[in-house]
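Chain naming follows the written order as A, B, C, D, E and F, and within any one chain the residues start at number 1.
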Amino acid sequence: MRLLVINPNISTSVSDLIHKEARLSAGADVDITMVTAQMGVAYIETRFEALIGAYATALAAAEHHAGHDAMIVAAFGDPGLSGLREVMPVPVLGLTESALASACLLGHRFSIVAISQRIQAWYREVVESHGLQHRLASIRALDRPLASVGSVQEDHAQALRDLCERVVEEDGAEVIIVAGAPLAGLARALHGSLPVPVVDGVSSAVQHAMGLVRLNPGKATRGSFAPPPTKPNAGLPDSLTRLLAQG
Amino acid sequence: MRLLVINPNISTSVSDLIHKEARLSAGADVDITMVTAQMGVAYIETRFEALIGAYATALAAAEHHAGHDAMIVAAFGDPGLSGLREVMPVPVLGLTESALASACLLGHRFSIVAISQRIQAWYREVVESHGLQHRLASIRALDRPLASVGSVQEDHAQALRDLCERVVEEDGAEVIIVAGAPLAGLARALHGSLPVPVVDGVSSAVQHAMGLVRLNPGKATRGSFAPPPTKPNAGLPDSLTRLLAQG
Amino acid sequence: MRLLVINPNISTSVSDLIHKEARLSAGADVDITMVTAQMGVAYIETRFEALIGAYATALAAAEHHAGHDAMIVAAFGDPGLSGLREVMPVPVLGLTESALASACLLGHRFSIVAISQRIQAWYREVVESHGLQHRLASIRALDRPLASVGSVQEDHAQALRDLCERVVEEDGAEVIIVAGAPLAGLARALHGSLPVPVVDGVSSAVQHAMGLVRLNPGKATRGSFAPPPTKPNAGLPDSLTRLLAQG
Amino acid sequence: MRLLVINPNISTSVSDLIHKEARLSAGADVDITMVTAQMGVAYIETRFEALIGAYATALAAAEHHAGHDAMIVAAFGDPGLSGLREVMPVPVLGLTESALASACLLGHRFSIVAISQRIQAWYREVVESHGLQHRLASIRALDRPLASVGSVQEDHAQALRDLCERVVEEDGAEVIIVAGAPLAGLARALHGSLPVPVVDGVSSAVQHAMGLVRLNPGKATRGSFAPPPTKPNAGLPDSLTRLLAQG
Amino acid sequence: MRLLVINPNISTSVSDLIHKEARLSAGADVDITMVTAQMGVAYIETRFEALIGAYATALAAAEHHAGHDAMIVAAFGDPGLSGLREVMPVPVLGLTESALASACLLGHRFSIVAISQRIQAWYREVVESHGLQHRLASIRALDRPLASVGSVQEDHAQALRDLCERVVEEDGAEVIIVAGAPLAGLARALHGSLPVPVVDGVSSAVQHAMGLVRLNPGKATRGSFAPPPTKPNAGLPDSLTRLLAQG
Amino acid sequence: MRLLVINPNISTSVSDLIHKEARLSAGADVDITMVTAQMGVAYIETRFEALIGAYATALAAAEHHAGHDAMIVAAFGDPGLSGLREVMPVPVLGLTESALASACLLGHRFSIVAISQRIQAWYREVVESHGLQHRLASIRALDRPLASVGSVQEDHAQALRDLCERVVEEDGAEVIIVAGAPLAGLARALHGSLPVPVVDGVSSAVQHAMGLVRLNPGKATRGSFAPPPTKPNAGLPDSLTRLLAQG
């Protein structure tokens, strides 16, 4: 089995965290191709950055998807996910959607622990887009500037643990989602030290990708997740033009 | 990895279908223990039958769970699922919840194809209990009496296929869930012949069980999915008394 | 008129509280049969305990329902309510559903005052199952262990009153529901001393039972609240087998 | 016990229907004062007619409420209900709210059968204002002009029965609400001839009024259902001025 | 273009505030007719006061609407709005609905700043009636008695500004609505001094009225916003009788 | 006043329709800059095409926004709208959001009439993202291939009118939204010939843009609609880099 994992951001330090956690989560018989976006920002906190990240992910997906069995959009917030699901011939997973799926299998109400205050509004809207707002106990986030996005876990270790404890104590979280690719691996590190189950997006996405590949449910050829109907286009990079030509 | 699969009904013919699909879905390194409820009805269509099935499942779980890494409640409608999630030390999956999770990773709106008219209200309420009613395109069901619950797939092959086509054409389903343990294996059989992805509960539950075991998110020791606090009880079978004594 | 009131728990001290409040609430021309579950726990706080309580209630209902005009499941959380509504030939009421109905006739937003922290998640899910989450101002609960479930009202009198005042002051409750059979009679005791209407489950259920008996709306013979279709069963106590045979 | 029943419309023929059904529904020990609005239209189908009906009801309530234990706004759609609940010292019930409460105690999803096409939008909005839209299976209505509002039940007997059967067959109604004061008594007449429970607003309101009087939950003195704070007013009829002076 | 603006309250000092802000907001080519209700209370805080205000507005509208291109119900809470929309031949706007429309075009979640504690429940229900409760971050209100409704802005200037800052800081408001006709003009005064956009009802309603007049979308002649069907009426003021005669 | 209108598609024939309707809708004192995307597809029907359109719109906005008072994303579905709202210093409007705002000011439930079957799922999700799904009566669309996107209105004139009539007759639409930039001007053409108000996106967006410019509510400098925090970026076109540098 071969998984394509795309970091929609330009931070190779974050790609390293994602890759490491994906490798630990996948079995030995799974090959992982890790790709970093060629354009974009250091990390995505806002809707506009997500707009750019979605496009950057589409470019990377168009170029690299051949030969893979599933694809993961490796930024929490899932930039471009539903669009890519139309054009890719294989299952496409996102970190948020995958973490929500895991959390909903473990409890009724979940909280999200995130890396910045600003990022919370966007996350909330993504949860709403899945219709799961009633199961969202809370979102809590670090309130200090990030010196380096690749070392958030070490730089803010105690603050992150404190947030995890507060969402259980004060917000009634039955499951914790540690959110954002820069926190890849944190759920693994916290294992056994928190009073409720904790999941993250990268390992959830890897597990769900493996599960969907084995389920082999088929690709839509009708309805709104079939490839877009072919029609005139112009000004697009070749990779996107080719992708649209299959519709 | 060892999975405990409990059929909340008394039909061993259905247990055979479940067991076969679970084996096909699980990898070679997964052991499956198939258990049939010792009390109950031939198949569950109603809330009252689910009440009995929940209790029968609890009895079977209490007796057989030791040594397993995850457990599956193998009736669509998930009788007893949230209660068992409190007392079992390992992940507990249900067919409906698992199929919903798979479907939500494949599209935005799904339909459920079911085996009897009566069963639809119960299924709808289960979807509502997960807060996913806005993503439910429709539920459609066979409208003839079932001669034998173990042979529904053969006896009604064309009607089931017709229902699958109608939910796409008329209801806008982007994913199809073939629902109910008696339809275990049907998604596999239909593979490639329908215009949208199709999933079933048994294989979805097996994949999600394997995924959660690998994620290893931890068991709740606080909050509403921790084991029930110990308190006086009376009149219970020994297995349940022992289960409650661990709280 | 004859009402069957079933305590899904084994605590006869709680049955005494329920019985006393039911007698005070019902008119002199109403006979009340008070039945205590033969199996179960001292009081229900969790989904798993509710699973057991639902089955225990079904056993008691099957055995005792003959000759009654309506039946009350006398535990907040209503274990087994919707299932019993299918099989019983008469109206079946639950404490939560009845208290919610009363509260909704008195104001727009209500709060629930409960006896334990743990019990809150279950109550919230029951409110959600009725689709009334938008009208739930809050749930607040005692935060101390209960020495004796039969004397909660005396042991925690001031704390309960404080909770009632806080839900009005801080949460905007327009109606208060004092929840749980162990608090039966508390609404009556608090009458006139709180700034908003206060109701409890037992007296609400008695009033609604009397109302439904007089309305005499008929029993479903079609649709999802008709008795379950007859089908093979096995391993069940005689009382349940007889109940299922009428379908 | 004394109940004040106000018909917000000017049709005394409808008042007679309401009065008759209220008398049949109430026990012999309940006195009923039937009042017809002094201003307004023949029957309310629209939001603007409801605006007038609300004011007419307020005038009647201000004048007649003294000495009563509860009050019923006897038009489906409940014109003025929540406002009157603030100023009246006793419980105030409406036909829609009461019928919804009864229906929700009998099943999960209900349909409304109504007397005119135009009236449906208003009814739907009232159901939404209670947050119960997810439990509304359908609204169906007569599609012919009404020769006489006082004889709708006789003039359209077969069409009304057909609508009741269709909401069960085609819409999945588990309970039927026959809506509108002109249909007062129809549920009683249909008893035993329909496959699901059927309720109407007048008898439901009478039963809930009797229940609330017995519950005696108290009148709000704080929060949004306390009487309006006193403040300057002008140009009002004396009865309303007196009512506002008690705040 | 001619706009009719009706103050549903009797306070001419508030009418002056409304008129001034409406004039500032409308272009020079817009004529504004300002009308104060002939009956009612000093300002509307409750559902019952809104019931009276709705009727007073209907009387004023019936008398003054001729020759205008649009009409504004100038009290937050929009008493009588949907009813007037049926009978008026031109667009009818309300302060709440208009402010919500503006806010939703500027951000995802908004907060409402209001003039009294009591008023909040009513505002919340109005937001719910538009189905926008998920976008409501909070409602916060002054907690002191109002010496004079016409000078709230000056008397409580600092407290109002503090509330605006708190809804951003503590509640995550992305847009602020300053609510209530007595605050007409405050958004204009606060311009540039708050960290998120701020709107009020009067200027929003004026802009939306101008926009709808230019859109010229047509008046409903079918469906639930067509004029009410003609039918017998009695006891109504002449102006209302004439209005109903056009249906 | 200067409005920037961006067509996210490459079809200049559609840009002409948009421009013409925008000019008719805006007053003489409004300048309109019409810009067509430099990359993309002929018209947007799917999520993936919207992803591309969002990016193309961002490029055009970055290049052309200087000197304008408001900006309109002129494709139904509003690609990139919420992201652009963060970075643009002026109000940003979309066709869907604007048409929804207009429709909600004219009635309670609206239907959308669209140009292709495929486009409906995307539109539905956009309505859901605004939380207005309960007010959506239906979406109906042409079911024939489009020979030319610039002449849809003429080629399918009767079919479009038929759809408008069906949503009123069969779905209960109280307002009609004719959706999609290729239908710009159709609402104007249909004026007076339909039984309920009809609006389109272009003229609605122009009116709301004019209204917001006059309201002048201020730009967010805090919260989730403030410009994105500055952070490292790479690989972006200069115009985007400049835009992100202002944060």
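Here are a few things to note about the model shown:
Just so it is clear, a contact is a pair of C-beta atoms (placed from the backbone, for glycine too) under 8 Å apart; a residue touches a chain by one contact, two chains touch by 3 or more.
Model, not experiment: these values are computed from the prediction.
Counted as hops between touching chains, the shortest connection from chain A to chain D is 2.
Where chain A touches chain F, over half of the residue numbers in use are shared by the two copies, so each contributes mostly the same positions.
Checking D-F, C-E or A-F against B-C, more than half of the residue-numbered contact pairs recur only at A-F.
When chain B is fitted to chain E on its Cα atoms, the angle of the rotation, on a 0 to 180 scale and to the nearest 5, is 180 degrees. Centre to centre, using the average C-alpha position, chain A and chain C are separated by 43 Å. One finds 27 Å separating the Cα centroids of chain E and chain F. Look at where the CA atoms of chain C average out and do the same for chain F: the two points lie 52 Å apart. Shown for chain C are the residues in touch with two or more other chains, namely 82, 85, 108, 120-121, 125, 128, 131, 134, 172, 174, 223-224. Pairwise chain contacts in this structure: A-B, A-C, A-E, A-F, B-C, B-D, B-F, C-D, C-E, D-E, D-F, E-F.
If you check the complex, the residues on chain E that touch chain D are 10, 37-43, 45-52, 54-56, 58, 80, 82-87, 118, 120-122, 125, 128-129, 131, 223-224, 228-229, 231-236, 240, 244. Listing the residues of chain F that touch chain D in their complex gives 108-109, 134, 172, 174.
Residues 25, 27, 82, 85, 91, 93, 97-98, 101-102, 104-108, 130-132, 134-135, 168, 172-175, 187, 191-192, 194-199, 203-204, 207-208, 210-212, 214-226 of chain B are the ones that touch chain A when the two sit in their complex.
For chain B in complex with chain D, the touching residues are 120-121, 125, 128, 133.
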